[in-house]
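Each chain carries a letter (A, B, C, D and E) given by its place in the written order, and its residues are counted from 1.
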Amino acid sequence: MMVAEPGLAVLAVCLPLLYPVMALRANWHRAMCFALPLLPLPAFFLAVSSDSGWQLELPWLLNGGLWAMDDLRRLFLLLTAVLWTVAGVYAVGYLALPHMRRFCVCWGLTLAGNLGLTMAVDIGSFYSFFALMTFAGYGLIVHEGTKEAHYAGRVYMAMAVLGEMSILAGLLLAASAADSQLLTDLPTALARAPQRDLIVALLIAGFGVKAGLPLLHFWLPLAHPVAPTPASAVLSGAMIKAGLLGWLVTLPFGEVALSGWGASMVIAGAVGAIGAAILGVLQHRPKAVLAYSSISQMGLMVLMLGAALADPERAPVLFSVIGLYALHHGLAKGSLFLSAGVSLPAGRMGQVVTWILIALPGLSLAGLPFTSGALAKLAMKAGLAEDSLDFALAGYLPPLMTAGAIATLLLVLRYLWTLSAKLETGHNPPMLLAGWLAAVTASLIAFWWMPWDVAGLVKAPVWLPASYQVWALVWPMLISLALAGLALLVNQKRSSARS
Amino acid sequence: MIRALRTCFIALACIAFSAVLGASIWVIAGDPGQGNLSQLLSENMSRSGVEHPVTAVLLNFRSYDTLLEIGVLVIAGIAGISMSKTTSLEDPELRTSDPLLYALQRWFIPLMLVLAGYLLWAGADRPGGAFQAGAVLAATGVLMRLGGIPMEFLRPGLLLRLGLALGFSVFLLAAVVSVIGGDAFLAYPPGMAKPLILVIESVLTLSIAMVLLALFVSAPVNDAEDPEEGDPS
Amino acid sequence: MTLEQWLPVFALMISLAASLVIFALPETGYVRRTSVNLGAAVLKLVVVIVMVWGVFHGVNYGVSFTMLPGVTFVLRADALSMMFAGLSAVLWLLTTIYAVGYLEDSPNRRRFFGFFSLCVASTMGIALAGNLFTFFLFYEMLTLSTYPLVVHRGTEKALRAGRTYLIYTLTGGAVLLFAIAWLHSLAGDLSFRDGGHFVDADPDIHRSLILIFILLVAGLGVKAALFPLHGWLPQAMVAPAPVSALLHAVAVVKAGAFGIVRVVYDVYGVEASSALGLLAPLSWLAAFTILYASTRALWQVDLKRRLAFSTISQVSYIILGIALAGPLAAVGGLVHLLHQGIMKITLFFCAGNYAETLGIHRIDEMDGAGQRMPGTSVAFTIGAFGMIGAPPLAGFITKWVMGSGALAVNMDWVILVLVGSSLLNAAYFLPIVHRLWFREVKGAWPEERHWGRLETSPWLFWPPLLTAVVTVVIGVLASLPFSPLSWAELIVLREYAP
Amino acid sequence: MTPSLLYAMAGAVLCGIGLFGLLRLSHLLRKLLAFNIMGSGVFLIMVGLPQHHVGPDPVPQALVLTGIVVAIAATALAVVLIRRYYHQSGMASLEGEADSREGGPL
Amino acid sequence: MTLWLMAGLLFTPLAWAVLTLLTDFVWGRRVTWVGILVQVFVSLGLWLTVAQNGGFYYDLGGWGAPLGIELRVDGLAVTFVLLTAAVASACGLHAGVYIDRHKSWHRYFWPLFWFLWSGLNAVWLGGDLFNLYVGLELISLSAVGLVALGGNANALRASIRYLLAALLGSLAYLLGVALIYGQFGTLSIAGVVLWLDSHSASAGPGLALALMVTGLALKTALFPLHRWLPPAHGIAKSPVSALLSALVVKASFYIAARLWLAFGESLGNQAAAQAVGFMGSAAVIWGSWLACKQVQLKQVVAYSSVAQIGYLFLLFPLTYSVSDSISLQAQQGITLQVISHALAKAAMFLAAGNLILSVGSSRVDALAGVSRFLPFSLFSFGLAGVSLMSLPPSGGFAAKWLLLQASLGSGQWWWALVLLAGGLLSAAYLFRIYRASFAEIPETDQFFHPSKSLEVIPMVLALMALGLGFVSEQVLSVMALPFAEEGAP
């Protein structure tokens, strides 16, 4: 199947890229809407079927194009493809008529950018797809056209352009240091580059805007509530991961021990995880809560990234853990976001099932045993085990992880609480329901058959955690449940006092 | 006040001018350059066909100057005539009915005509020639004009213009004749210089008189004119 | 006269003859005039392509005859001249098509198209000039033939703009003439030579060489709209759209930049000019112009004035690239000569379309234009993103190559300038794109005309789309053999290894 | 100090006087007379100087004769012009009109 | 062959003057056409013969130099004869159609026209000082006659002022001639040059040269002495003002240039040369400044003449005590300037006449809408303007280039600044006119359209002025020809 991959790759990128041509005919807008879920399918087959390792040489593209696939990129490609397919199905049911064609055009271009950057190895095409995704994403955010949407869009665009420019500067400096146009050469060259710290700072800041580092995250809580539900699902699930991928492919892991940068990234991750949780709990709109939950989860991943930066030997192991965690978070967060748009069925029994299906991805996020969350948490715990890491803040990692777990569950409970206030009973359009259910099944069931590997961190069979691990997963949940109950009591007292 | 200032300023400038002129004349007088033209002239006098050196220079050696000079005169005449625009010459207030002037005229006019003829003839070897004769002739014309004697030929018509052009064209023809013979412009054929100069002199006298008289007569009377370009009047 | 000598003269004569024929045709001869126009444009394009192919294979075209004692009139086609000639030939064809549609039923079209082809003839002359004297000859002809186009409308504003335009360009021309005459009396008749003439100039004329360089750059800087001399460009925007498209975005402005490139490369030579310490101040001036013009563009309300200020800043990219004295930066500068031309002409075409079809001149009237004219707005968006330097469009290629070129000669501050200017570009282009697509129409369009199926007349609709597609193609396929990038590399290769 | 040199010096003085009259006087006829005085001054110098050097020399005399004829022609034309100008505009000098504010004789 | 040509050149204009004197205007025009043909043919023939075998001396009346009058026929003189043939024939043809044939006094136009032409030829070829004086008088009087031809008060006033200025100039020149004759005893320029080479000159002839140059400057209307030109050239009929501005003014400058090139080295001094140069520069600035302020179209063009004449007098400083190559460059520059200015100025005056005829008023701001309805005559005015502004590729530019080279080469860089400033200032007042004509005020075409032949003549002249830029190499090559036979002293 070697020949097919490059062709499939070009098809995967070109299909969504040429999709906007359909917008030329006014009366094709219904067809455009139904085509949405089909766009990511070639990418999905590419991710699932091909064994990573193929390369596609495009000498005429920009400064000499090169597309390739390795295990890490395959994970991200898989995540992107699955999430966009599911969101596409959901969007078919969700979309209303006004500006339909404009939304579809922006959806197609963003998808093309997202898919392209997972495969691009040369700087030119990587940066092109990244910019395409950023600028087209703007169209998804301001789709509703309300004043708040335009404000969010303006903030998003301002920060995105700043991020783009710092990436451009970073890549320029790195490319001239490496004297080559390929991303693979960058890490080795960066290790020895004279302006290494400047380049690393620029790249971290540039991709940080997309990944929601603290102090660079302002656009996230503004953009998610205003964006249409499928858009915010995709935004939070796949597009934020692009920033993460950007770090992974450019920063010098495994070449030199950047202890300073590693420490700062760990601190940033911690601040992100806990700070976002505190802010998230105070939010009233369910999607805002989820936005903060995404920032806090990204905080955890930044934590792992910092560790990988500080300790070169552990980098390859941590890469696979980060990839696994990103996959798990993407799918869970996607289904949570899609559930925000669901309305409760009439029957009592239906409502209970719906609530369970809404809650499960949230709990999986918090690390409920037998779910992908548990596996991800265990892999992270094993990856960041204290004895295996030798850098300054290694000691603080386990307590940070537990605090992160508690924060996650608190945010999930807050989300459920705000959602219960907002959800009303009604008929769900069939495609919307199908999309949501597909997302939930992907997160809970299909996850186990996806091609990730935990490199021996968690003993087989991976879906059955050992007894001592169960307790390690459950006690942080119990603490957060207690805290939630306490908050519930205080709230009832205050409401009874007031009424 | 300014006028007085300007006056003495101009006066000073003119005095300085003439002083400098005098000084330079004094300096030039001091060291004579040797260019002895007169001696060269006397050698060639024999071939000039005229005894009197001035007439020789005028009508032979530098005859081109004289030709152009007659041209200048004709131009002045033409420009004068173009001004006149009068049809009737008989301007009443110019004519006098004074019997004494009328009687005096009867004596003077023939005398002046004879004098003009003598001057013309004397030019060959004594000071005289076409210009002096023409001037005297013109004077007689003016006298006759003031005396009221009608002179038809002065009306700005073909006759007047013929008169003006006569002298000049004869001189021009004489100049061209030699070219046909292969010699330079204005070179008289050998031996023919004397008669040719005589013919030219006499015809010139007539023309000069005609020009001066026309200039005197054509002083404007009425004010017909054409508008300046562009203004709609 | 062999073919090598005959072709450049023919290329020049085509548009000259076209202008004379157009002047001869009566005002009402529309069809004949349009056919003459288009025929001449196509013929010129063919000739230019043949010459490009010839120059690529090493044929050197050239003709010269002595006009004045001691001065020769030289036409020579080398790689650099073919780039500029190619650009002007291609864009002339498109702009003629556009202009025919734009001036549908306005008066004075004979005068317009006559002087229009005269302008292109002088641009072609500037491209093919073989020495400074011939260059100056066509440089001044360009000034003369653009004045009637700037004052074409005949309104009071147009006449005042024309006056300012003249004051700037004629003074610049006088300064340039003085410099050329002084250089000529100093070093005789200098024909353009790869690597320049003053590599080993003896030290005692250094001072006057520096002075002459400053005067040359000042004279050329007027047309290249360098910082203190840029005042005329925004005012010249009162001209009709095809004029501001081809002339003020491409031909006239590029003539100045092209002149500076010729002076630095083919008269002084890069080593000599950097040895004389001339290039550093030039690069600072260019950088300052880039940032200054972009900031000025921020608060321009009129669309074409904002595009004008953007032109001023973009042209200084070329000069910055040249002044960095590195081969890679030079490639960046030269390739921007083409990229900026194509992108800017797209924007001006779209501005013209909006003005002609919907009667929009100010930016705040552009809300919701995307709905009404999607084709033009897509072209505008591509052009805008190209200007910002968003990959994979042409603008990014320039910024990327120039950035790495600047780093190669370790001039790191250039990255700051590039990033800063991209930010400013984004700041004044993205709001327009936002208004186009994501805002609702405020009331009906002021001066709406219905054209049936297409959003505007076909003459006006296709040129911007075509140039937008070209922007994308020369961006994405930048490494093809005949693409602008590889042609710029060819020029710099021949320049640095004469 | 031969008498001819005296003529030449007198000619120089006449030139000065004529120039003064031409520049200063405003009436046109007076200007014309001043012009004639200056002309005769020039003719005096033209004859006087060569005579001082080599005695009576016919060439300058012929030149003077031609000069006189030219002077007559010019004067006659000027008189006709002045008379016609006087007849039409009623003014006998050039200063009367608006553009005379630039002043000066010419 | 040359004898026939020389005789033809001298004879035809005088003969035609007399012939046209006898006819009325209409017949005069037909006779003039024949005359123009002959004269152009003769001038061209003469130019070609000199181009082939160099210049020569031509003794009039068969007598040698000091006694008789000799004509110096060299490259420069013949070029100017050809120029006169071109411009005068154009003005003659234009006048034939332009001047109203019904007025009886217009019949005298042709004789004056031919006398002017013969005077010009006499001056170009003159080698004898007194002969030049008579030629000058011929030109002045016929020019005054032509200016006064209209006969209204303003025309008379201008012609009187012109006559007085011309006479004063001639008298000053005659005074100079008298002093030179007193000093050297010969009247031919070649003779005086021969004498000066062998002996050192005293102060006296220095004043003579100064007087002659001042007189000629007055007749050429150099800056401080220019006030008579604008009224005369402004009020006269367009073909007449074209002749005056293009040729008459150049004749006196030509004599001054000849004298300066012959005697300048020995009699003149640096201070005088620089003074004349500064007066020229002042003329350029002052003339252009006033031209910008004029309301009447023809006054603008007249003051532009005052300015352009300023350039010519840059010859004096640029040829005084400079190396031969630079002096030759300066002479070539000035020759081109004279030729291109003559052609361009004649074209501009004729075109201005046409514009005034069709617009109906001679004011500049009445030209609104001309560019739309009268494109052809405005275009010829524009092309002439290009040459006046000395923008490439016109002849004016070639002249300015040579003058720039000469001034920079001889180290007198300040003249270069004057040249550049002059170019800009001329652009200022010319574009003021174009600006007026581009205004789009009158929608309808209420202009009078004169006959086509009127508009073709200025266009031809303007194109010749433009084309001069390309052929200046060949034109100048005639000038530098060796002088065939040395004239007698």
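Things worth noting here:
Methods note: a residue touches a chain if its C-beta (ideal position, glycine included) is under 8 Å from a C-beta of that chain, and two chains touch if they have at least 3 such contacts.
The structure displayed is predicted, hence computed values, not measured ones.
Shared contact partners of subunit C and subunit D comprise E.
Looking at subunit A and subunit E, the chains that touch each of them are C. Greatest centre-to-centre distance from subunit B is found for A, with centres as Cα means.
Chain C has the C-alpha centroid lying closest to the overall centroid of all protein C-alpha atoms shown.
When C-beta pairs in contact are tallied for each pair of chains, B-E comes out on top. Each chain gets a centre from the mean of its Cα atoms; for subunit B and subunit E, those two points are 29 Å apart.
The distance from the centre of subunit C to the centre of subunit E, with each centre set as the mean of the Cα atoms, comes to 43 Å. Rounded to whole angstrom units, the spacing between the C-alpha centres of subunit A and subunit D is 109. Computed from the mean C-alpha positions, the centre of subunit B lies at a distance of 71 Å from the centre of subunit C.
For subunit E, the set of residues that touch two or more other chains comprises 67, 130, 134, 137, 141, 144-145, 148, 151-152, 175, 179, 182, 185. Multi-chain contact residues of subunit A (touching two or more other chains): none found. Of all possible chain pairs, the ones that touch are A-C, B-D, B-E, C-E, D-E. Note for the complex: subunit B touches subunit E at residues 20-21, 24-25, 27-37, 40-41, 44, 60-65, 67-69, 71-72, 74-76, 78-79, 81-83, 85, 158, 161-162, 164-165, 168-169, 172, 175-176, 178-179, 182-188, 225-232. Contact residues of subunit D toward subunit B in the complex are 5, 8-9, 12-13, 15-17, 19-20, 23-24, 45, 49, 52-59, 61-63, 65-66, 68-70, 72-74, 76-77, 79-81, 83-84, 87-88.
Of all residues in subunit C, those touching subunit E in their complex are 23, 66-71, 73, 107-108, 110-111, 133, 136-138, 140-141, 143-144, 147-148, 151, 153-156, 159, 162-163, 166, 170-171, 173-175, 177-178, 181-182, 184-185.
Touching subunit D in their complex are the following residues of subunit E: 67, 130, 133-134, 137, 141, 144-145, 148, 151-153, 156-157, 159-161, 163-165, 167-168, 171, 174-175, 177-179, 181-182, 185, 187, 218, 225, 227-228, 231. For subunit E in complex with subunit C, the residues that touch the partner chain are 329, 332, 371-372, 375, 379, 386, 391-393, 397-398, 400-402, 404-405, 408-409, 416-417, 420-421, 423-424, 427, 431, 434-435, 438-440, 469-470, 472-473, 476.
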